[in-house]
Structure formats: C-alpha cells, structure tokens
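Mind looking over this structure? Questions follow.
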Amino acid sequence: MPDQRRYTLTIACPDRTGIIAAVSSFIAGQGGFIVEASYHTDAETQRFFMRQEVRADSLPFDADTFRQLFAPLANGFGMTWQLSDSALKKRLVILVSKQDHCLNDLLHRWRSGELQVDIPCVISNHGDLRSFVEWHGIPFIQVDMTDKTAAFEHIAELFETYRGDTMVLARFMQILPPSMCQRFPGRIINIHHSFLPSFVGAKPYHQAYQRGVKLIGATCHFVTDELDAGPIVEQDTVRVDHGDTVEDLVRYGRDIEKTVLARGLRYHVEDRVLVCGNKTIVFR
Amino acid sequence: MPDQRRYTLTIACPDRTGIIAAVSSFIAGQGGFIVEASYHTDAETQRFFMRQEVRADSLPFDADTFRQLFAPLANGFGMTWQLSDSALKKRLVILVSKQDHCLNDLLHRWRSGELQVDIPCVISNHGDLRSFVEWHGIPFIQVDMTDKTAAFEHIAELFETYRGDTMVLARFMQILPPSMCQRFPGRIINIHHSFLPSFVGAKPYHQAYQRGVKLIGATCHFVTDELDAGPIVEQDTVRVDHGDTVEDLVRYGRDIEKTVLARGLRYHVEDRVLVCGNKTIVFR
Amino acid sequence: MPDQRRYTLTIACPDRTGIIAAVSSFIAGQGGFIVEASYHTDAETQRFFMRQEVRADSLPFDADTFRQLFAPLANGFGMTWQLSDSALKKRLVILVSKQDHCLNDLLHRWRSGELQVDIPCVISNHGDLRSFVEWHGIPFIQVDMTDKTAAFEHIAELFETYRGDTMVLARFMQILPPSMCQRFPGRIINIHHSFLPSFVGAKPYHQAYQRGVKLIGATCHFVTDELDAGPIVEQDTVRVDHGDTVEDLVRYGRDIEKTVLARGLRYHVEDRVLVCGNKTIVFR
Amino acid sequence: MPDQRRYTLTIACPDRTGIIAAVSSFIAGQGGFIVEASYHTDAETQRFFMRQEVRADSLPFDADTFRQLFAPLANGFGMTWQLSDSALKKRLVILVSKQDHCLNDLLHRWRSGELQVDIPCVISNHGDLRSFVEWHGIPFIQVDMTDKTAAFEHIAELFETYRGDTMVLARFMQILPPSMCQRFPGRIINIHHSFLPSFVGAKPYHQAYQRGVKLIGATCHFVTDELDAGPIVEQDTVRVDHGDTVEDLVRYGRDIEKTVLARGLRYHVEDRVLVCGNKTIVFR
C-alpha cells in the first residue's frame, strides 16, 4: 500500500483576487501533489475559506518546515490557518451517560479503522458502560456528578491530562457550564436528538410527539454558551407517522443520532469543518 | 375498465373492544367488498380512528341508504363519522399570490387526472397568473387586498358561492384573520415553506440561512387561529450546504413545497386525514 | 408497566367478502383487544393477507386454546395461518465472516433490548470475532469451510441443534448450496450489498463504481435457490458522487447494510413479513 | 443588481503537479475573480478535471480574447477545454410523446427564470401537447413516425435548423437509432423511468412491480448507442410498498422523473457535467 500520509491546510481570510493562485503556486512550487481542494466565500462576511489536502510524500520537507515556509504568504493575506498531519491522529475524549448507541457506533468505527483517531479515555457519570469500554482496552473513568462544579472541573482536567483534542458528548445528558464551553471553544461536539432549531432542551422526542411532526431529526453541533444554539455541523431526518409512539421516536432517533454524530465527527476529524460566525463550512 | 366508484367511511369514537368487528360485520352483511381498511388508537385520548374504503358496486344500495342504515350502529359507539362517495369530487378553491410553482404543479396533476377534484376557481391578490389559469378553462378572480377585512370577507363569500370544500393556500402569502379560520375549521390547507415548528412566520428561508441548518423543509398543515401552528398533514426536507445562498434555498424549497402540498392534498382529498386534537392521523 | 404480551395472528387465504368481519368478530367475541390490524389483497393472485396483534391479557385463554378455537374458522376460509406469542422470543442464528459492522449493530440492538430475540449462537468461517461475541455471553462456533459440503451440513445441524428459527447471513460472504435453501424455506435472511436487482453476485460496490451510479443501496431478502433473487424484505439507498472511491462506497455501504438488515429483521421477528410468490407483504 | 455574467472554464487533461497553480495564476494575473472552483482526478485514468467560474466583469477582455490567451497554456498541459459565457444561453430542443409531466415541469422552470435556457422548439410524435406548448410562445412541431428512418432524419435536421445545443428526451418513448446517437455525442439527454442499471428497456415500472422492489427510481443519462447504458448524470429513488399497484408506481415515478431530469439538465446547462469514459463528473 502506498504512503497515504497527507498534510491538510485550512485557511480563512478576507476575500480578494489571487488567493488560490498564491496558495496553489506555493504548493506546486515545492512539487506538492494536491489530492483534494475546496473553496468557499461567505457572502455576508466576505471571508474566504479554503482546504487543501496534499500528499506528504510529494513534498521535500516535513510539516514544521511547511509551516515556516508558508507563514510569510499567510501573513500577507491576513490568514487564520492551520496545517495538520494525518500521521498525528486526533484525540477524542468521549463523554457518555447510560445510553450507549452512539458510543457503540463510534467504538466500532474506531476498532474497524474507519474512524482514524485515538480515544485516550471515555468519561461517564454512570458505571454501566465500563465493561464494554474496557473490553476495547480504553480507560473508563466514572465521575461523580453530585457536586456539578467540581465534577465539570474534574472533567476539564481529565480532558487536558489525556491531551484531548475534541470532547464528544455522545448522549452525555448533562448541560455543560458556560465556563467549560468558553475554555474549549470549537473543541466540544454534541449530538442533539432533534432537528434544531426545533425542540431545544429536554425531551425533544416528547416535544416532537406532542407537535405531531411527520419527520424527526438529529443535529451534530459545536457546543457554545447558549444551549443547543452552537454552529451546526450535520443534521438528518427520518419519517415517522401517527402510529409511532414516543418510544418508537426514541428508537428511530437512536439510528439517526449515531449516523449524524459519526458523519459530523468524521468531517471534523478530517479538518473539513471551518466555523464562520455561528455557521459552519463543511468541505465534504 | 371496471367500476372504480368507492364509498369511504371515516370514523372517530372512544376506543373499546368490538368496533372493528361491528363495522366490518355491517359491511360484510351487505356484501360489501372492502378495498382498504386502516385503524389507529390515539394513546393519549384513547380515541379510535378508522377508515374503510368499500367498492360501491358491491353494495345493494346508494350512499344515502348506507348512511341511514349505518347511523344506529354509529350512535351506539358514539361515533363521529362520515361517508364520502368517490363519484362526487371534492371542490378545491385555490388561493395564490404571484409565485406559481405550487399552482403549476396542482393544475398539471388536475388536468392529467392524477388529482381527482374539481377546481371551481382560482383566487389571487395579483393578476399575474390570470392567463395561465384561464388557459385551463378555470375562472380566475382577482381580489383587491387594500381593505383586508373586506377582502377576506369577499374571499369567504367566493368560497361559499363556488361551493368550495377545501381552500388551498398555494403560497398565498397573506395571513388569514382568525374569524376566517374559525369559519372554515379543518377546511383550509396551507403550505408553509419551512420544516415547522422551526422558522414560523415570514421569510423562513432567510431564517434557515441565518441559522446555518443543513436541511430545509416544507410543511402542509391545516390553518387555525394560531399562525403556522395548526395540525401538520405532511412534511419533507432536503439537504443544503454552506455553498447555497438564500436564493438557492428558495429554489430547492420550491420543489419540496409543491411535492409536500400535492401529497398532503391528495391524502386530504381521499379522506385519509383525520384530525385528533392538534395532530393528524394520515392513513396512507 | 402493563402486560405487553401479545398474540400475533397472520393469515393468507383466497380473497372474498367477510374475512375481516369473521376474524374480528371471533376476536371481539372473546373480548380480545386488537392493538394493530393490517390487511392486503394481492391483485394478481387474488390472495388476501392479514395480520392482527391482540393483547394477550384481554383474552380468557392461552395461545394453544386460541389456536384450537380458531382452527375451524380458518379451515372454512382455506387459510394458511399462524399465531405467535411475544413471550416466546424468536431464535436467530447469525452467520458472519470477518466483517463485523452488521454483527456489531445487531448485538447492540439485542443487548439494549431493542431487538427482542434470543441469539443462541454465532457461527463463522473465521475466528476474528470470537472475543467480541463471547463478551456478550453468546457461544461462538468456528466452522472450517475447506470441505464446503461438510461445512454446510455442519451449519445446518448447528442451526437445528440450537433450535434456530431464522438464520441471518450478516455478511457471511459464502453462497449457500441449494439443498440448504430448500431445507429452510423462508427461514434464511441475507443482506446483499447492492440495490437488487442491480449488481447481483460478487463485488457489487466495484460493479456500482464501474457503472457510475449516483446512489448505492443494500437489500435484505429471503434466500432461495437462485442467487440474490429471493423475495425482498427491505431496501434503501444513499447518494454517492464522482469523488467517491470504491473504498468510500464500501464505507457508505456498511451504514446502509446494517440499517436495512436491522429493519428487515425487525419486521420479520415481529411477524410483519408475509411471502406472496417472490414478493413480500410487509405490514409496517 | 450587479452584473452576474460569468465565464465558465471546464478542463480535462492528464493529471500532474501544477495544473491548478497554472490556471489560477493565469486567471488571477488578469484580475479574474473566481466565483466557484472544482477539481477531480479520476483514479483509473489518471485524468484531471476542473471547472472554474469567473465573474465576467472582473476580466479586462471578452470570452474570445480569453480563449486566445488561454490556448497556449491549455496546449502545454494537453487540455481538452471549453469556455462558456453565461450571456449566451444554451438552446434545448425538447422531444415529447403524450405524457407531459416532465415537459410541464421544464416549461415552468423556464418561464419562471429558474432554468436559464432558450427553448427554440418542442418536437413530438403526437399532437396532444400543441396547445400547452404554444401557450408559452414556443413552436410545436409534430413529426410523423410511420417511417422511422425518415422521421429521425427529420428530427436531426430540425435540431440543427433550430441550432439546438442539447436534445432532451422528456419521456419521448422512442428508441433513437445509433446513427443519431453518434451524430450528437454528449448532446442528447434522456430521462429513464428506472434506477439504472435495473430495469433497462420497456415498462420498467412493471418490471419493478414484478420483482417486488421496495424503492423505485429514475435516471437522467446521456444517450449512446447502447440502450439505457450511457453515462449517468443524476438518479434518485422513492419508497414504495406492497400496497402500491403498477399505477401507483407510475404516479410516484412521475414525480421523481421530473425532479431528476430537472436536476440533471440544470447541471448540464451550467457546464457542471464532464464525461469520463462511461461515467460523469458532476461538480455540484
């Protein structure tokens, strides 16, 4: 199998003529082979967004040298940018409660090699899923939520101790305090069990049942101060009808929650998600 | 081609043992051939809903005699019920503004025979669509909306004069006064250009764009006093992404609006939609 | 929580007037409370199909007495029929190879209580999944496929020894011999990784890639003598595009395979699937 | 409203390093403002495909000068390429039979300005749709198909006389002779009423009904010598079940046919579809 190592360059800057030419000329000038290239200009802010995936073995230097050489060009255009190396896997710290459908799905994708990440630990406020997590050889840490302030401080410390890149709320069922959201901006991803902005907050399937909607949905989004109002990464819906009970909605919902979370996480892990205000650009 | 005339019996009553047996025995006792049968019990209200479609030529009497013979049984069970005859087409009065994608779609389904209804007239607050409607041989009536109270009174009178069964707001873009909603309960159907309950009211595609949702939708619902809050008949969604402008959302939206309205209307016209509180049972 | 035990009656017989009346009167005469009732007449064969779900606690007798009392009525209408008791779980014997996405999905639905079945054993031609299966407390049996005739004979014996009701080919990747298909008619369910009848046989994702289709699919079907040609229970599709490699199709495909198999199996386990020639009626 | 005129450059050439850099530098060097840029490398043929949309008013010259200046660069890379000007609308000649759901849909999109094309004439082997087409102010030409060879020769001449760019078979229901397919390669687009490659040829809904599939579909494709085997541009599917008759499939099918054809045509008209062997790249 050939070397599949890749560098992924993501850029945001004010829009103007010549950005693509400058960046692609820089890469081509080093012999860089572009595997995938995506662009977008946000009409409201006139900001330009870009993602370039380059084969690592086509370049004569490593990621650090890439960064040094690219910095002057980036400064000239006023870029916010980042270069990631596929050889360094992102580290996901997963938070769960008792429901395990999302966890089961993510761990399967991880052990089958589909989701290319490291999972340094799983944190839960309950002990139910310990055996399943530990069967995978992943540390399971139970946190007592009696004192919520202390508990969230403990979780934040664990996240840092385990050097997490992204915190995944895989049906954690606890509302994070604003201080935590502000401490890790753009690094906490949640799966909400409704098609946001409908049915914010608790018991969305009950709300959906009461309203008599004909489709239910799920939303993968970044967590911000405001409950269920952060930038949306991915959503999907599924058809229901009058014959479905709340329990049926919950059951259908599980399938769509795990799919939407897995897709959203995949985009995030592959540096396909760029945030623009309260919206996301997702270069699929 | 065989006689396809059918009687459709729809029933709502308190749930108890023996309803299906009583009704199906009544029909079978007359030699009635059931083409389609559907049932539902609403768990919250413990009300039972039923729809039976019977071949007219399998019965030895007409619809009126059916009604007379069935009445005692219906009274015994405390039924709210109705028998409709497929030979008597429902009369749809369609209200439009300037946008014609829903109208174009409905008129095509009507002239191709797919939508088995009569359309006694089309009413509009603008004259733009006169020629298209009149090409179909359907009267087109333009109503001046300067005095809204008078205008809506005029529309209500037209609806009655033309003996409309159902008023269809096919992107009419005017909010009906409560008095009108109360005058024709369960007889006014609207297509709203969002996936309700998200984005109630004006400019839902702009709202969707601002929120950065990854799917947009449309909702066909009965009109009640409360804006965009009546019982939902049908909904659907379509995927959008960061590259789509508001104009793109509007364009995608048109396709889904006309599909959802056509499906919802078809169910309604075929007596498949029963209302239960603020929800609908749709026997597809 | 109330008694949720249910008897499910499924019937097939020549169509005529009075079947619903007779059956529902029989049930109502015993005080039986019908939870769900579904009917269908196949236009080509003029056969009538019926499914009735009755609350067990509403009847004054057990399933065997039900069967004895119902038999004369059934004979009168020439019915093929069956009564199942939800207290007696169906027994699924699952066959797998090395790929575990369907197995992982089914075992999660089983251990979470969503899929109400017993899984007496998992059979595989490889040892890879032993540890995962055994973690669930389910026997894992590896069968050597060197001598295919002997191997399939062994599998058939295991199926009978473990009193399997249904054999599930959860990406087993081996073609069953006709003798085995004939031995267990209507009892073997497969998930095929294409939208049948497109791309029968080996490497369907490669075939799909070569043809340049814009959607790929999966099909859950009963296994018969003819390869990938048995009655279809459930299907679904997912969008792909020119940027997707065969590996991407395989990845998308896994998600749809497991969903389609889980849905199809659920319908089958709940006695919602009736076979009519080479087609299925699925009372959802 | 600002000038929305755009030049769209589409390119195919052997893949190598530096293509994007060269093309984007050429455009940027002239002050060209890139509105949309898309790339793809076909893994099998190692051919590179590219589409660039540039704002016309950002360039100091017209399309012809663009072509002259770009030619040397294109030759250097061995490019097959084309530059189209949004001010010159594509000319669609539409062929229909008696069914008008696709025609009705396309003409609405045309008259509402959604589909930015010219429709110089509509050709049919029947007279049924004359009045509807002529209401739009579009010439309607009826061709007698008694002598098929002469008829198709006549159609080809009409296509050329009316300077058609693309011939659209909007449910024309006649198989084009190979000579005609070869005369206009990549310029004839058909809507087939099945999810190809399933159900090639006549009566696909009957075939689908017989096979008992749980979804039906439609396929928009380029017409080639081999029946229903040309490069696929767009497809979609819709769920059906055992209760649906062939007539129901036909009805559902109409909705999906018109949607798929409209989407496919839009992509084609906007130069988003590039052909690679028997597959398409669709830069959405």
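For reference, chains read A, B, C and D in written order, and residue numbers begin at 1 within each chain.
In this section, a residue touches a chain if its C-beta (ideal position, glycine included) is under 8 Å from a C-beta of that chain, and two chains touch if they have at least 3 such contacts.
The structure presented is a predicted model; accordingly, all values stated were derived computationally and were not measured.
J.: I need the common contact partners of chain B and chain D, sorted by label.
T.: A, C
J.: When A-C is set beside B-C, which has more C-beta pairs in contact?
T.: The comparison resolves to B-C.
J.: Compare the CA centroid of chain C with every other chain's and tell me the farthest one.
T.: Result for max centroid distance from chain C is chain D.
J.: Could you work out how far the Cα centre of chain C sits from that of chain D, in whole Å?
T.: Whole-Å distance between the two chain centres: 41.
J.: Starting from the mean Cα coordinates of chain B and chain C, work out the distance between those two points in Å.
T.: 37
J.: Can you list the residues of chain A that touch 2 or more other chains?
T.: Only 36, 243 qualify.
J.: Enumerate the contact residues on chain B facing chain A in the complex.
T.: For chain B paired with chain A, touching residues are 40, 42-43, 195-199, 211-215, 217, 231-237, 241-243, 245, 276, 278-282, 284.
J.: Spell out the residues on chain B that touch chain D in their complex, using ranges where they run on.
T.: 36, 100-101, 104-105, 108, 112, 114, 131-132, 135, 243, 251, 254-255, 259, 262
J.: Would you mind writing out the residues of chain D in touch with chain A in their complex?
T.: Going by the criterion above, the answer is residues 17-18, 20-22, 24-25, 27-29, 31-34, 36-37, 39, 41, 58.
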